Structure formats: C-alpha cells, structure tokens
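In the two complexes below, chain A is the common chain; its partner is chain B in one and chain C in the other.
The block that comes next holds the complex of A and B.
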C-alpha cells in the first residue's frame, strides 16, 4: 500500500510542476505575455471577457505568489476560460470533447501493441534459431523505427488514398448519430483502423525486443529446463513458466511508453484528421490560441500521469512483492 | 621539466610499430566479426553509409539549387528532375539531399546534447548515491513521465517559428531522461565491482574513477541510447516541421513535409513531393535501428539472431556428444 501512496504523491508533485511550468510559460516568452496571449483574440472578446481570462491565467494585481495561487485555483476548479479559436466555447469543453478520442487512440494502440509485441517477443525468443526468430525481430526493428508521422503518411497514402479501403478523416461518419448502436461502433472502428494501425506498427518493436531480451535471460534458468524435462508442452513452458517471469521487466517500460503513445497520437491525428487533441492542438497553434494550447498540455500531462498510476496498479498485481 | 620526463617515458620503443599493426589487425578482426553472418548489420550500415555520403556530397551530386524555382510546379519525375518538382517548382531530388544535411545535423547534435546530460546525470547519481542520487532520480522521473513531444510542441508554439538551432537544443534538453535512467542503473550495477573498489582503495579521485573506470564500461549503452535519441529527434524534427513549427524557409525533411502538406500534394496526385522525404526519413530510421540492434548483440551476445545460433547449436550438440549425453 505504501508503494502506491508514494507513487500517488510523486504524481501529484509532478502535476504541480506541470502547473508551475504552464504558469511560467507565458511569462518566460519575449514581449508582453498578455499581448501574446491575446494577439489572436483581438476583436473577438469584449474587455470584460478578456479581463476574466486574464484573471484565470493569474495576471491579477499583486505579486507573483498571489498570481500563482490565483492560477492554481482556476486550474483545480477546471475553469480555464473561453477558447480564442472557438469563442465563446470553454477551453474545458473543447478539450473534453476531444480527449476521449485521443485516450482511445493512445491507450488502445498501446494495449494492442503490448499484447502483440509480448506474444511475438516470447515466440521469437523461444524459436530463436528458426526462420521466425531470425527474420521477424530485425524486420520489426526496421519497420517500427520509422517516425510516427512517416508511418502514418505511408498508410494514409497507400490504404486510404490509393486503395480507398478505409476512411481518411474524422472519428466516425458524420452522417451517423453518435449512440450505442452497432452502426456507430462499426463506423468508429473503421475510422480507427488506419491511425491505430500506424501507431501499433511504431509501438510494437519496443515490446518485442523488451520481451525477447527478458525471455532470453529467463530461458537459461534451471526451472525452464526442468519444466521441459517434465515433458510439459512448449506452449506451457513458453507462457506459464518463462513468460510469466520475463514479463516483469517489460512491465516497467509501460510507464515510459504511455507518454510516447500520447505523443504519437498527436502526430497521427494530424495526418488522419482524427478529431482528437492533436487536431485541436494544431488548430490552436495556427490560430495562436495560447489558452487552448496550454490547457491541452495540462490535460495531456494529467492523462499521462493517471495512466502511469494505472500501470503502477498493474505492476503491483503482477509482482505483489513490490507493495511490501 | 616534469613534462619532458613523462613524454620520454611514453616515447616510442622498439616494436611500437608492430604493436600498432597488431591493434589495427585486431580491430579489423572485430569489424569482420561484427558483420559476419549478420545481415541486419550489413543492411543497416550500408544504408546509413549511402545516406551519409548523399548528405555529405549533396552539392556535388545535385545540379539544381534546392532553394530556387527551377521547374514548373509539380512536374512528375523525369530525366531532368529525377524525383520531380514541388508545388513551388523546387527540385525534389536536390532538396532531399540538402535536407538530409539539416535533418541529420539536428538529430545528431540533439543526440549528443541529450547523451551528455544523460551521462552526467546518470553516472553521477549512480556512482555517488545518497541525497544527490535521490534528487537527481526525482528530476529524471519527473521528466520521464512528462510527454516530451507535446511539451516540445507547446514550447515551439510559444517561441513562434523556430530555427533548427533552437529545435536541436530543445530536443536535446528534453530527451535525456531515458538514457540517464539506464546509465544510472548500469552504473549502480558496476559500482561495487572489485576493480572500482580497488581504484577507490588506491586513492583515485572520484572524477578519475567516473571517467576512466566507469565510463568505458558504459560505451555500448551510451551508444545505443545515442542512436535511439537520434532516431527520436529525427522523427520529432519532421513532426514539428509538418505542424508548421519549424522554420519553413530552411530546407530540411521536416520543412519538405510541411510544404507537401500545405500544397496537399497527396490529393493532387503529386505523391513524390510527400513520399520522397517520408521514405528518406523511414530508411534512415530503419537503418539506425538495425545498427542499434547489432550493437546490442555485441554487448550482449545472448541476444544474437542469425547463423550464430546454428553454430552455437552445433557446438552444443558436439559437446553433448563428447560428454556422452547424446
């Protein structure tokens, strides 16, 4: 239990650091921060509204400390003011609409890549001298190290534009009403195939190699030889004896992969015009909508920290020794 | 005075030349062993050599100025323009070679900056331990859980369109934590080995122990981390480029992607403008990954694939036979 408490306090500290960074960012930039913040808002907001946003960002009268407290308050009450780009909609609403899609892409592709990668890694280490073990890992290393954006572009071009197999934009067919219907779920799945596929391609090699390296160490252990000598099926030896122990060091890599996956989702969404945070972020950048950009960074950090905590829970479940 | 004495002691002695020859010879043997029966290493190194040579000799290998309008918009690949032209009438072939210089420079220097920080933080905290380690580890972990690329995007967005120098530095200072963590754990693993303890007992200074005793044992990890960072930095540069956050007036693979995106070249059928830089990025990333994988296998021979495995199996069988087990 104390392990989880320690992790929780660590994530909370990290979140505070992220808020402080966000607070400092407009103040570190050259020129007047308020001008930069509102350069794009000229003419769109009336002075009273601009004052409200200003206060939300902590640009109140008083010293830096008071400003900081004021900013903290607006962050923790989720009052991030209106977006300049989509005025007068709240930043919180805009982000809230697109966050689920990014979570879906980032975490979905991470989980699929993890399961596929661990399976392939296990098998390729167990059959190291066969064709599979010799050919598949180097091939995946090659394919998987294309930059996110490049894999996305190549899939977009060949499967979307040339073969016209799969849709090229949006999270679901705009003609379909969102709801818990088969048609809607089918449409979401169809739209997710390419973006998610490209992210899985990029993510998979990490798991293949982590698992393979861990497996190769474990396969030399006596209890594996013993299990083989007992005449257990190779499936059982592979997954229940060796794999169960090799997965521990692999699980520690999940924490880092979560951040990468969210970053990849941002890039992929831009290519596939997928209506997630990445797309909103791009629009925000082009419109110089700084409140929106900062809110997206904050929400991404919280999403990644939360996902990390879930990974910690998973780790405790895999290796109960750690919570003692 | 002191200097001359030491230099005398190091002066060439008879047989020095053959020593040098021997060293060369052993290096050659090692290189041969690295490539022998290791197709991924051969493919990776030769691809990378071609790419580096192309970038290095870009001015000789191209006839068109990459920044000048030299053709009509979106000319399909032909004899004059081998890889076609962009929407703005730039020659794609000469752009991709010149762009390689910028993109690879950004990636290489970002890798160097990141690994320098990673070594400094990782070795110091791993070797010294105690309070320093606690603090450094905390900072590393905080950086590690933050999504680096979004952070980078936001920084670049606030700075406006930034040049490649700024991107290099930003990439370098945001991508060190992973390397630092690996180097720290490896340092902790060798900190209590006999050779370190004997160096401490002999009274070597901490700096000397870190530089002379510990660092040489980390070379393969450092190099692996360096290649990983280079791959990441190259992708990030391209990503920032396509988002329009890089300097679009410079010729790099990122800015090529940006202009291809702006002119929606894929939709208008001018695939070469988008796919050429994309494939260049893909091949470079893949080649570096293959090299990285081969280096991993050198530092940990257990991980080997390829014909080595067959040889190992054969030898294993022979041993078993000799022992009468088969």
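The block that comes next holds the complex of A and C.
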C-alpha cells in the first residue's frame, strides 16, 4: 500500500513538471495566434480589434506568474478555452471527439501486437532449433525494419487502391449513423484494419525479440530445468515457469511503448485520414492553435504517465518480490 | 550383488561446438542397487553433473548422448517416448539441484511448486494435493502455513528443505542429488544431511550423490565413484576409496583436504590443470599431472580393471 502511495505521489509530481513545460514551450516561441491572424490580415486590423479578439479567445493579460496560475486552474478544471481553429467549439469538446478513436487505434494495435508478439517470442525461444524459431523472428524483424511510412503506404496502395478491399479514409462510413448497430461496428472494424494492421506489423517484432531474449535468459535457470525434471507438460514449463519470469522485463517495456504508440498513431492517422487526435494535432499546428496543441500534449503526457502507473501495478502483481 | 535399480552401460555424452566435439562423459558404466547411496566425486568440469542430467535426459543442446544405454528397472530411458519420459521423470527419479536459491521459481508460491508435480502425475485435485503438500512440508520440518510463501520469504536452509520435500513428493525410488548442500553453511548442511539419513531410512530410496567434497561423501555414501575428464577412474566401497585409494588422482584428491588434528602442514594439491576436453592426449588423460607416469601411460588408455570384488580402477600401475 505504501508502495502505491509512493508511486502515486511520484507520478503526480511528474505530471506537474510536465504540464509546466507544456505551459512554457509555446511562450518561448515568438508571436501568438493573434499575431499570426494580424499578419494574415495584412494591416487591415487595428490594435483595438486585436485586443477584442484576444479577449474573445480568453487569453489572459498579466505577468507570467498570473498566466501560469490561470493555466493550472484551467488544466485541473478541464476548461481549456475555445479552439482557434474551430472557433467557437471548446478545445475539450474537439479533443473529446477524437480521443476515443486514437485510443482505440493506439491501444488496440499495441494490445494485439503485444499478445501476438509475446506468444510468438515465447514459442520461438522454446523451439530455437526448429524451423519456427529459425525463420519467424528474422522474418518479422525484416518486416518491421521498413520505415513505417513505407509499410503504411504499401498497404494503402495494395489493399486500398489496387484491390479495393478496404476503405481508404475515415473512421467509419459517413453514410451510417453512429450507434450500437452491427452495421456501424462492422464499418468501424473495416476502417480500422489498415491503420491498425500497419501499426501491428511494425510493432510486433519488438515484442517477439523482447520476449525471446528474456526467455532465453530464463530458460537457462535451474528452476526451468527442475520444472522439466518434474515431468510437467511442456506447455506448463514454457508459459508458467519460464514465461511468467520472462514477462517481467517486457512489462516494463509496455509502459514506454504506450507513449510511442500514441506518437505512432499520429502518422497513421495522417496516412489513412483517420479522424483521431493525430489528425487534429497536425491541423492545430498548421493553424497555430495553441490551446488545442496544449490540450493534446496534455493528453499525451497523461497517457504516458497513466501507462507507467499501470505498468507499476502490473509489475507488483507479476513479481511478488517487489511489493513489500 | 542385488538386482540393480539403475544400470548405466558405456554411456557417452558429447558437447558439440564449432571447435570440435568435447566428450564430457566417456564410456561410463555403473549400477545403483535399491536403497544404496552412490557418490560421484571429481573436480569441476569432470562430467559428474552431465552424467546426472543425462540419466533423466535433461541434458540440453549442444550436449548429446552419443552412445550407451541407461536401464531403469528393465526399461531403457533413452528409448522412451516423450510421454513415457514425462511419466518416468520425478515418479521414478527425482533431482535435488545444486542451489535451492535457483531451483525454486521466485514468482510462484512454494505451495504451487509442490502441488503441481503431484497433480501432473496423479489423478487427484489440487485440493487433495495441497493436503499432501502440507504433509510433505511437515516431514522436512517446515510448518504447513508456509505453502502460501514465496521462495524469497524463506531462509536458504528452509528453501533447500522445500526442494527436498518436492523431491520426495512422489516417493521416487532414486533421488539424484547434485551438490545439494554446497550453497549452505556447515551447520545447516549438517542438519540437512541428518534429516536426509532419517528420510532415507523411512522411505528407502537410493541416492546418487554428486559432490566435489570427498569427506562429506565418505560419510554419506555406500560406494564412491571418482571421475576425471569424463572417465570413471575408480569406483568401489566408500571406506576403501577413502582410506586406501588406488588411482593417483584419487590419492591427490584426498590429500588436498586439510586434517584438523596434528601439526599444520602445507596442503598437497594436484599439480597442473584439468585437461582440455577438446585436446585430449593419447593414452591416459591424467599423464601430465601424474607423478608416477610411465611410458605406457603416454600410449594406451588405461581400462577400468577389477582389483577386488566390486572394486575397479583405471591405471596402468595397478
């Protein structure tokens, strides 16, 4: 229990530091969205109008400290003000619409890649000498060493453009009303195959090799030999005695992978025009929509920290030696 | 001599590497009678552990049994199918590994590590197995509540007891002990050995005791075999091997133990290093380190010759 509290206070501090950076970064850059607007208006805007616009967007006057306090307040009340790009819609609303899709894409592909990768890694280390162990891991390494953009565009080209098997854009068919209907869920699944598949293809080798290397270390341990000597089934020796221990370093890697997975989904969403956070972030950056950019960075920070916390919990559950 | 429980005939185990084939166990033959304790001694790398692992086919690539047979109760272990082998392991022959620290899985409770082997071999539920597990812990002097403990919550001596309890779980006829007390201090070692005597009396199993500690072995074993560079070079009753060894290597081994009584003397060790198994000399493997080396030793391999009833040694001098 004290372990959990210690971890929680650590993550809370990390969160405070991260959002402070999030506050400082845009302010270290020259200009602000209104300046950009002013420049775009090419002198057809007078200073009074500019001030009015500033106020409309909720930009705070005052020194940096006052701005910081008001920023902190907005973060903890989740009231991040209107988006510049999609004025007058709230940033929170914009993010709320696209966040579920990104989570679906990033976490979904991570979980599938993880389960497949760990299973293949375990099996290929146990059957190192055989065809499976000799052939499958190098093949997966080959696949995942293409730059992501190449893999994504190849899939896009063959399955989307040439074979016309799968849709090329959007999260679901716009002609279908969202809801818990078979038609809608089918459409979502169909639209997710290419973006998710490409992320899985690229991500899987990491897990195969992580798990395989951890397994090879563990397989040399006496307790695995003893489990074998006990006449237990190879399945039990492989997954309960060796796999259970080999998964520990892999569990640590999961936390880091979640961050990368969110970052990776940005590119995926752009390639497949998937209506998630990445797409919005790109548009936000183009339009210098600082509130939106800050909100999305805030979400990424929270996601990575939450993932780390979950990995810590997972670790305690997996390794009884940690929690005392 | 009684009907043998385990009979090893001309067993050879090779390690295949890019630099050549190293024969870790060369043409070893021995028998273990029911209820007997056979000790195998020798320095590190002499092949004693490889021999022990080969008995239940636990050797892993690049090790390979190239010749010989292992007969347990009339069945050839080397010809068993995977399923037969799984049934044979632990049911008939169990193993106590070198260090209990490493032979218990750190993330699985000792209760599960005890019960799973029972459930794997007998048609009983985990609940019934847990009752049996509690009983087994009691036999080695550990409270039954400890079933839910993880290995790191026990002391070194307790862990070794748990490993022995696991080895007893199916009441096998033969227990292979691969340096079971090397990782323990002498007080705990003594306790465990005393318990082992009692257990042996109670259950009547045979022991194949592997150790480099000849003095310990002189105490526990009925017969002792000494290995050097993969060969069994001397085997016979413990008393004779210990007090009147025949082979120069055995003599050297025994002379390298300090005596507690009498004046302090500089210890005699065996000169030179163990031979490289990849570059064995022609003739006797021990020739370079032997004080009594003769011409024939550089030409011919000495064979294990019967010196007495049930007493064999391999040396040209004898």
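One rule holds for everything that comes next: the second predicted complex is superposed on the first by the 291 of 324 C-alpha atoms of A that agree within 3 Å, B and C clash if a C-alpha of one lies under 4 Å from a C-alpha of the other, contacts with A are read in each partner's own complex, and residues count from 1 in each chain.
The rule is short, and it goes like this: a residue touches a chain if its C-beta (ideal position, glycine included) is under 8 Å from a C-beta of that chain, and two chains touch if they have at least 3 such contacts.
None of these values were measured; they are calculated from a predicted model.
J.: Answer with clash or fit: chain B and chain C placed together on chain A by superposition.
T.: clash
J.: Please work out whether A:118 is in contact with chain B alone, chain C alone, both, or neither, and reply first, second, both or neither.
T.: Neither: A:118 stays clear of chain B and chain C.
J.: As a test of reading the superposition: which chain, chain B or chain C, is in touch with more residues of chain A?
T.: Of the two chains, more chain A residues are contacted by B.
J.: In the overlaid three-chain picture, which partner chain does A:129 touch, first (chain B) or second (chain C), both, or neither?
T.: A:129 sits against chain B and chain C alike.
J.: Where does A:319 make contact in the superposed view: on chain B (first), on chain C (second), on both, or on neither?
T.: Touch status of A:319: second partner only.
J.: Given the touch rule stated above, what does A:142 touch, chain B (first), chain C (second), both, or neither?
T.: First partner only, chain B.
J.: Tell me the contact category for A:223 with respect to chain B and chain C: first, second, both or neither.
T.: After superposition on chain A, A:223 lies in contact with chain C alone.
J.: In the overlaid three-chain picture, which partner chain does A:286 touch, first (chain B) or second (chain C), both, or neither?
T.: Once the two structures are laid over each other on A, A:286 reaches chain B alone.
J.: By the touch definition above, which chain A residues appear in both interfaces, chain B in one complex and chain C in the other?
T.: 129
J.: Report the residues of chain C in contact with chain A in the complex, numbered from low to high.
T.: The touching residues are 53, 56, 58, 61, 85-91, 94-95, 97-99, 102-108, 116-117, 120-121, 150, 152, 166.
J.: Taking the complex as given, what residues does chain A use to touch chain B?
T.: 10-11, 13-14, 17-18, 25-26, 29, 36, 128-129, 133-134, 137-138, 141-151, 153-154, 156-157, 161, 205, 209, 212-213, 216-217, 220, 255-256, 259-260, 262-264, 266-267, 270, 281-282, 284-286, 290, 293-294, 296-297, 300-301, 304-305, 308
J.: Show me the residue ranges of chain B that touch chain A in the complex, using the header's touch definition.
T.: 39-40, 138, 141-142, 144-151, 153-155, 157-159, 178, 231, 234-236, 238-239, 242-245, 257, 266-267, 271, 274-275, 278-279, 281-282, 285-290, 292-293, 300, 302-303, 305-306, 309-310, 313
J.: Quick check on the complex: what are the chain A residues that touch chain C?
T.: Where chain A meets chain C, its residues are 129, 221-223, 225-233, 236, 240-241, 244-245, 248, 318-321.
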